[in-house]
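I've put the structures underneath this note.
Each of the next two complexes has subunit A plus one other chain: subunit B in the first, subunit C in the second.
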Partner chain A sequence: MRIVVILGQVLDPSGIVIKRRAGRIFVNREEYVLQPADRCALEAALRIKNAALAGLRPSQGVEVVALPRGPLPDDDVLRQALATGADRAVYLTGEGFDGADDAAMARVLAVAVERLGGADLVITGATTFDTGQGQLGPRLAETLGWPQIVGAWQVEAADGRVRVVRQEGSGYVVVNADLPVVITVLPGALKPRYPDGARLINVYRAEDAVEKWDVSDLVSDLVDEAALQPLLEKRGQDFPPERERGVRLSGTPEEMAQALADTLRQRLGRRPATARER
Partner chain B sequence: MDFTFAPEHIALRRLVREFAENEMAPLAMEIDREGRVPFETLRKMAKIGLLGVCFPQKYGGMGAGETGYCILMEELGRVCTSTATNVGAHIGIGAMSIYLDGTEEQKQKYLMPLARGEKLGAFVLTEADAGSDAAAIRTRAVRDGNEWVLNGTKTFNTNGSFADVVTVMAVTDPTLGARGGMTAFIVEAGTPGFKVGTHENKMGIRGSSTAELIFEDVRVPHENVLGKVGEGFISFMKTLDMGRLTLGAACLGGAQAALETSVHWAKTRKQFGVALAHKQSVQWMIADMATEVEALRSLVYRVAWLVDTGQPFTQLAAMCKMYGSEVASRAIDVALQIHGGLGYSRDFPIERNFRDARISEIFEGTNEIQRIVIASNIFRQHGVRIRP
Partner chain C sequence: MDASYLDLLMAQQEEVTEEATGGGGIWVVADVVDGAVAPVTLEALGAARTLADSLGAYVYSVLLGDSVADGSTPLTTGLAQTLYQAGADGVRVANHPALARFALEPYLEVLAALFEEEQPEVVIFGATAQGQELAPRLAQRMDGGLIEHVVATSLDEATRTVVVTFPVYSGEYFEIAACPEARPQFLTIEPGTFSAPFLDPYRKGEPATLDFEPVEPAVHVVGAADDFEPPPVPLAQATVIVAAGRQAGDFELVQQLAAALGGQVAGDRGARDAGWIGPEQIVDVRGVTVAPQVYVAVGIRGDTFHNAAVEEAKFIAAIHPDPDAPIFQVADLCLEADPAEVLPALLKALT
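And now, the complex of A and B:
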C-alpha cells in the first residue's frame, strides 16, 4: 500500500509580527515550519503505517511518500517528513513552476503520483495556515478521478478501505470508502509525533535524502504546456475587519448577571425583563 | 570562519524547542512546587533519542555531537532548569564518563542503555569533606581477588537516588593522592550495600533530585573499573570539562529566556503613560543583557566546535561554566527588576528562575574553582605552576 502525503510550509508564526495599523506583516526571522494541517496529514499516514506494522497483515507493507503542495524554496519540510517516519520524499523543482497555484499543482501532483507508480491513498491538509487555501485536495481528487473526503478528524485504513471520522455541523459522521481516495485532514485533528532524533540527524546530513524531480519533465510527459498556468491572481492583502471591543461588567455577581441578561435581550431584540422576571 | 549551524543542528534545535515548550513548560512550575523529578518528560525524551544526543549512533546515541548537546541544553535551560539538570547529570557526566573512558565492553553494556534512555545515569564524586577539594575524598576501594570493595558516603549526587548506573570515584591507594591513588568505578543500582541516604531540601532546581549515597562493603567486579586503576581523578576531570561546557549552554538558555521575557514585558507594561521600552533605564538593562547573552552564545558554541573537532578546551570550558552562570544570574536578576513586584511573585516563572540560576555558580565546581582552573592554565602557559 502506498500513501502519498502532500506537505507545504508556512512562515513560523513566532518569527513574525503583525502590525494592523501599518497594514503589514513584519518578518523578523524568516523560518518556515510544516503547515499545521499538513503535519496532521503526515501523522494520519504514519498512524496507518504503524497500525499495519503492528502486525494485522505484516505482508502488506505501507510506504509513505511525501510530495510538496506547491513550489517550495527548499526541501526542508520533506526532510522533516523523512525524519518523522516517511519512507520517501520527492522535491519538485523546475522552470516556470514558481507561480504554480493549487489548480496547477493538482495537475503536477496527479502526474507525480502516476510517476511513483500510483498510490492507494493521498492525504493532505484541509486548509493552509497562512492563506486559508483548501482547494488542493479536492482538485487533486478531481484530476485523479478519485473520490474525496474532506475535513477529516480521524483516518483508519485497512483491507482496501478507509474509515474516516469527519466533522459535520455540530457533530461527527463516519464515512467509509474504497481505496483509492483523497483525504484532507483538519488542523489540530491529531497530535503529531516528534521526529526521531537519530533519523533527523541522518536525514539532514545526507544530501541525497530527498529525491529531486524536474517539473518540466513531468509536464512535458503527460500534460499540456498550459497546465502550469495559475488560475489564481493575487491582487493584494488586507486584514479582516477589527473585532468589536467587549464591555467589562462590574458590580456584585447578581448585578453583573442582570446587566448581561439585559444586554443579551437588547441585542436579540427582546423586550426588557419585567420586575417579576427579575 | 563560518558561524552558521549545520542543517541537522538547526533541525535539532527546532525539535528540542518544540518539545521543551510543549512538554516541559507546562510542568516547570508544578515540579518545582512539588519537588518531584519529571520522569514522564525523561521517558518522552528517551523515546525520540534526546537522552543520548551527543553519543555516536553505534552506541545507541543520536550522533549530534557536542554542538547538538549544547543546543539541547540551551533549549532545556530556556524552559526548565530542573529538567536540564536531570538531563545534564545523566548525559553530561553520568554517561559521558563511560563514553570517554569506558572499554568497548563497558560501552556496550552500560553506555548503550544510557544513551537510549532505557537507564538513567549519575556521576558520584563529592563528599562531605571533599567539595571543591575533590582530591580529599575518603571513600575507599580495596581489591579483593577479582573484585573491589567500596566503603564511604557521597553527598550532593544529582540523579543519585534513582540512577540505574553510577560512576563513582574512590581512593585505591591512600599514599598516592589524586595522581595515581584514585580510581573510577561503574556501580549498578541494586548492588548489595549500595543505598540512598538523605535527600537535599534545595532552594532551587527542586524538580531534580540530590541525594546522599552510601556504600557499605559494595562489591564491584574488576571489569567495572572505569579507565585505569589510579587514573580516576584525571578521568573525572576530563568528564567535568564536558559538563562545564554544557552547563554553560544551559545557563545560556536561562539568560536567553530572561532576555525574551524582559523584552516582552518592556513592550507591554505601561508606566507614566508609555511602555517601559521607551524608558532609557530599561533600554540599558536590555542592551547589557543582550550583549552578555550574545557573548556567552559565541563562547559556548565556539567551545562546542573545539570539542567536535578534537581540540583542547579545558580552560575555555571553565570559562563557559563561570561566565555562563554569572551571565544567567545577572540576566535573571535584571529581568526580576524589570518585572517589579510581579517578578517577585511565586505565580510567575522569574522567581523560580532566580532560585534555579543560583546553583550554577556552585555546582560542577564553584566559580572560584573555575577561576583557579583558568588562571592555572594561563600561568602554566607562562611557565608558572600555581601552588594549591
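And now, the complex of A and C:
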C-alpha cells in the first residue's frame, strides 16, 4: 500500500508581530514550521504504517511518500517528514511554478501521484493554519476522481478499506470507504510524534535524501502549462480596529451581567467585529 | 386592451428578463439543518442580493433534500418559500430520498449538472461541512476560483469581480483577494458574519424541480462513534477560558460559566491556593501563557505575571469588586461588581 502525505509550511506566528495601527506585519524571526494540520496528517499515515508492521504482514508493507502542498522555498519540511518516519519525499520545483495556487497544485499533485505509480490513500491537512483554506484535499480528490473524507479525527486503513471518525452535527460518526480515497485530517486531531534525532542528522547529511522533480516535466506529461496559472489574485490586507481597553460597565449587577452575556454571545457567534463593520 | 396584446407584452418582458441576466446570476446553495433553512444560507442570500443589485444580476438558490424524509411540507412550498422571502429570484429544487442527508457524490452530481447548464457568475456556500466539501470539488471541476471563510465582500464592477476578505491566523488580520478571470467565482461564507436579510412575506415564487438520476455515495456512515472522545485541547490553545481568582466566590458557578460558554476552567495563583485548580491550570507567565478568543477573569485582581500571560487574548472581560484592580487595565470590558452577584445573573442570561 502506498500512502501519499501532502505537507506544507507556515510562518511561525510566534515570530511575527501584527501592528494594527500601522497596518503592517513585522517579521522578527522568519521561521517556517510544518502546517499543524499536515503534521497530524503525517501522524495518521505513520500510524497506519505502524499498524501494518505490527500485523506482521510483509506483503502488506506500507510506503509513506511525502509531497509538498505548494511551491516551497526549501525542502525542510520534507526532510523533517523523512526523519519522522516517511519512506520517501519528493520536492517539486520548476519555472513558472512559484505562483501555483491550490487549483494548479491539485493538477500537479495528481500527475505526481501517477508518476509514483499510483497510490491507495492520500492524506493531508483539513485546513491551513494561516489562511484557513481547506480546498487542496477536495480539489485533488476531484482531479484524481476519488472520493473524499473531510475533517477526520481518526484514520484506520486495512484490507482495502478506511475507517474514519469525523464530526457530524454535534456528535461523532464512523464512516467507511473503499480505497483509494483522499482524507483530510483536522489540526490537533492526533498527537504528532517528533522526528527521530539520529535520522534527522542522517537526512540532512544525505544530499539526495529528498528526490527532486521538475514540474515542467510533470506538466508536459498530462497538463498544459496554462493550467498552472493562479486563479486568485491578492488585493491587499485589512487590519481589525485597535482594541479599546478598559470599557467600564455601569448599572446593577443584573444589568452588567446582561450586557456581558450579550457581548459574549456576539463574540462566540463565531467571529467578532471585523473590518466589515468599519 | 385585448388578451393577445397582453400576451405579446408579457412575451416581450420575458425577453428583457433573459437579457438582463448578464452572466448566469449569483447562486446560493442552501444548507438545511433539522428541516429548516440554515441561518448561514439566509446570510448568504443577503450577501448575494447586495452583489446582485449592484451587478444587475439575479439571485438563484438551489435546495437539495427529501420532503418525504422529514414528513412535513414539500420542499417546494415550505423551505423554498423561505429562500424566496430572503431574496432569491429563482429557486431550483432537487427532491429525492437519496438526498435526504448530505452525501458528497449525489449532491455533487446534481449541482455539477445544474451549474454546467446555467454557468453561474458567482456561487456562494455556507462554510459548513456541506459547503466545505462541495465548493472545492465544484470549483476544480468547473475551473473556478474558490475562497473559503469569507467575512466581507465588495465588488469590482468593471470586471464584475467579487473582492472578498478572509481571516488569516484566525482573525489576526485579513487578506483581501479576488478571482479576476476564472468563472464561476466560488465563495464559502463564515456563519454569523453577514447580517441575515429581512424575510419579505410578499416575495413568493414557483420553484423549478430538477430532473436527475441520483448516484451512489462512496463514503458510508457506519454509526455513531460512541467511544470516541476528541483529544483534550491544551489550555494554551483553548479558544474560551474562564479563570477564577481569590474573589471568585463560588467556584461551582465559575465551572458552570465555563460549561455554558464551552470553555475551559483556569485560575490565578489564588485559585490554586484555594484548591480549586491544579498547578497546570494556572494562568501566569511562570505557568501557562494563553491566547484565547475570549477570556473571562472572575474575581482575579490581576498581578503583572497574570496580566502578561493573558496579553494575547482577543477579548478579556473582568469581574472584580475593586475599581482599582490592575486587571481592569488589560480588560476590554470591566465589571466592577462582586462576582457572587454577577455570576448567577450571567448564567441566567446565557441560558
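Everything that follows uses one rule, which is that the second predicted complex is superposed on the first by the 236 of 278 C-alpha atoms of A that agree within 3 Å, B and C clash if a C-alpha of one lies under 4 Å from a C-alpha of the other, contacts with A are read in each partner's own complex, and residues count from 1 in each chain.
Quick note on the criterion: a contact is a pair of C-beta atoms (placed from the backbone, for glycine too) under 8 Å apart; a residue touches a chain by one contact, two chains touch by 3 or more.
Predicted model, so just to flag it, every value in this text is computed and none were measured.
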According to the stated criteria, A:P240 is in contact with first (subunit B), second (subunit C), both, or neither; which is it? second
Kindly classify A:L231 by the partners it touches after superposition: subunit B alone (first), subunit C alone (second), both, or neither? second
Counting only touches as set out at the top, which of subunit B and subunit C does A:A22 meet: first, second, both, neither? neither
In the superposed arrangement, does A:Y204 touch subunit B (first), subunit C (second), both or neither? first
Per residue count on subunit A, the busier partner among subunit B and subunit C is C
Touch check for A:Y194: first (subunit B), second (subunit C), both, or neither? first
Should A:A83 be classified as contacting the first partner (subunit B), the second (subunit C), both, or neither? first
Just checking: does A:A54 make contact with subunit B only, subunit C only, both, or neither of them? Give me first, second, both or neither. neither
Which residues of subunit A are in contact with subunit B in one complex and with subunit C in the other? none
Along subunit C, where are the residues that touch subunit A in the complex? 104-105, 129, 132-133, 135-137, 139-141, 143-149, 151-152, 163, 165-182, 190-193, 218-225, 228, 230-231, 233, 237, 240, 261-262, 293-294, 296, 314-315, 317, 319, 328-338, 341-343, 345-346, 348-350
Seen from subunit A, its contact residues with subunit B in the complex are 33, 76, 79-80, 83, 194-198, 200-202, 204-205
Touching residues (chain side subunit B, partner subunit A) in the complex: 6-8, 10-12, 14-15, 18-19, 48-50, 53, 57, 61-64, 68
Spell out the part of subunit A that touches subunit C in their complex, as residue ranges. 13, 18, 20, 25, 102-103, 106, 129-139, 141-143, 147-151, 153-154, 163, 165, 167-168, 171-178, 181, 188-191, 231-240, 243-249, 253-254, 256-258, 260-265, 267-272, 274-276
